[in-house]
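Below is one structure, written out as structure tokens, with a few remarks after it.
Order as written gives the chain letters A, B, C and D; numbering starts at 1 within each chain.
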């Protein structure tokens, strides 16, 4: 069942690391290679990191770039690591451009480098989902698998829920 | 897509914790509730912990008990946390008894409580797989999804591989 | 050599925790009880948490309150967990008020709850220093022990250094 | 107050790491360089690792080697990372050979690489103690500072206590 995957990192809380000098969470190199190594994953994963930003500040142009990256991906199964705040908006843009690939967006409410993070769990959810789902655009958060057009972030509770309750 | 799940913990490396007095890894209460809380999972999960043993010492009778627990489960989607050494044997026993439910076995090569563990990633893989797969018995390890009858542990490398290369 | 200690927490990076909903590091209950438990410390420690703030925003009045807390402490050996940015200023205020007690200020450049934190190491340094030093006001950071009047933060490198190079 | 230090690692629980293939805690390269880096220590530390063993299996000859290493140390302030089970025996051997240096032994009840470890705290305690104490042989465990001849491990509680209650 295993195929080559592409993982596109765009920043977001998932990959934030603490900068001790500036005293804030920021972006450095992606931690995906380390996470996949700890996971003992034997999948062939192609990593691509076009962006490292907070998704609150993502422009429509940048969402277009991510969709382009999906279109150009040699692999038909793609995971996108994305900030949670506008994950659903980016999913929608991708869905309008990419129809023949399985794309799963995920992210984290707590950065990987912090105690009690949901990042690795969410990545695991995405890894299985992207291998099992038919072409389309999906989100895996809160342990669930959502279609791109039936998902929203409940910002007050820090979870993702279906639009139709 | 979300349904109620059952998670059956049986011990194994996944759930081992360090006993500072005895200086060894051993079993205490399962860490699943804490892991699911960190994961921000909104799934309804029924936890059941009939066993807390090293799978090397699991008897055929105990494998039968796990299969029984699957048969009696009110939930049709079941994850089993299991030691890696005989995960495939237990999967086989379950497959011979349980035909109308989706059962996914997973575990860990490094305990959850240790740095660099694969436990949470593997659980995430199982959580998506159990929601997406048709009835049958599966194993999610090494980032892959295996059918119970096409999976073995490569003990020298600490990964799971298909039987047919 | 062991006596009762008082630990006064005032906030600072040491005790910051991630708020997943707000997406930022903030203050919740102090993590000192958990840290001392993991440390297997058998010292009798009296914890007091008058403040939970970023030391950049600490007022002179608040520094006075901390000095008051030292004066009123029943224990003669006191550790103060403090933000690094104005640790030296608070040390100076305490030194002008408290002369018959051993007071050691420490903190962290990276919060306890983050990977690669210096918090627990710094606390260990303070715990020994407060037990061994004569009355006076000191700072333990960067593995070193400074007198309050010969210490400054090198903000560009995130370390503490003596004023007289 | 800062001088050059020597840290001599001998193994023990402090430095144990999990071997996922063998499923047990074992010794690999010492984690001291990483720990000191996270600690943001600016001390000049000379690391020496003559042994990597469980202290239960330490021979009198090996204790002699550690004492020799102390005698030959160019630095007058030495920390020894040691298993807890026979830390007091090694301290005694060193005390009989080394009289003009400050030697502090420490270790851990829970390995550094495990959640809830006491290793970093104990190292911090040793770092301050070795800088502040007069020549002699000491142990820092359980947050306390012991003279070598007034210290024993309470194996049932996993703490160190004075011999004279």
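Just so it is clear, contacts are C-beta pairs under 8 Å (C-beta built on N, C-alpha and C of every residue); 3 or more make two chains touch, one makes a residue touch a chain.
This is a predicted model, so every value here is computed, not measured.
Interface residue usage between chain A and chain C, two copies of one sequence, is largely shared: over half of the residue numbers at the contact are used by both copies. Most remote from chain A, judged by the distance between CA-atom centroids, is D.
The two copies, chain A and chain B, are related by a rotation of 180°, based on C-alpha atoms and rounded to the nearest 5. With centres defined as mean CA coordinates, chain B is found 25 Å away from chain A.
Centroids of chain A and chain D (each the mean of its C-alpha atoms) stand 44 Å apart. Averaged C-alpha coordinates put the centre of chain B at 39 Å from the centre of chain D. Multi-chain contact residues of chain A (touching two or more other chains) are listed as 20, 40, 109-110, 116, 158. Within the complex, the chain B residues that touch chain D are 13, 18, 20-21, 23-25, 109-111, 113-116, 155-158.
Per the touch definition, chain B reaches chain A in the complex via residues 1-2, 35-36, 38-43, 109-110, 116-118, 120-129, 131-133, 140-146, 158-159, 161.
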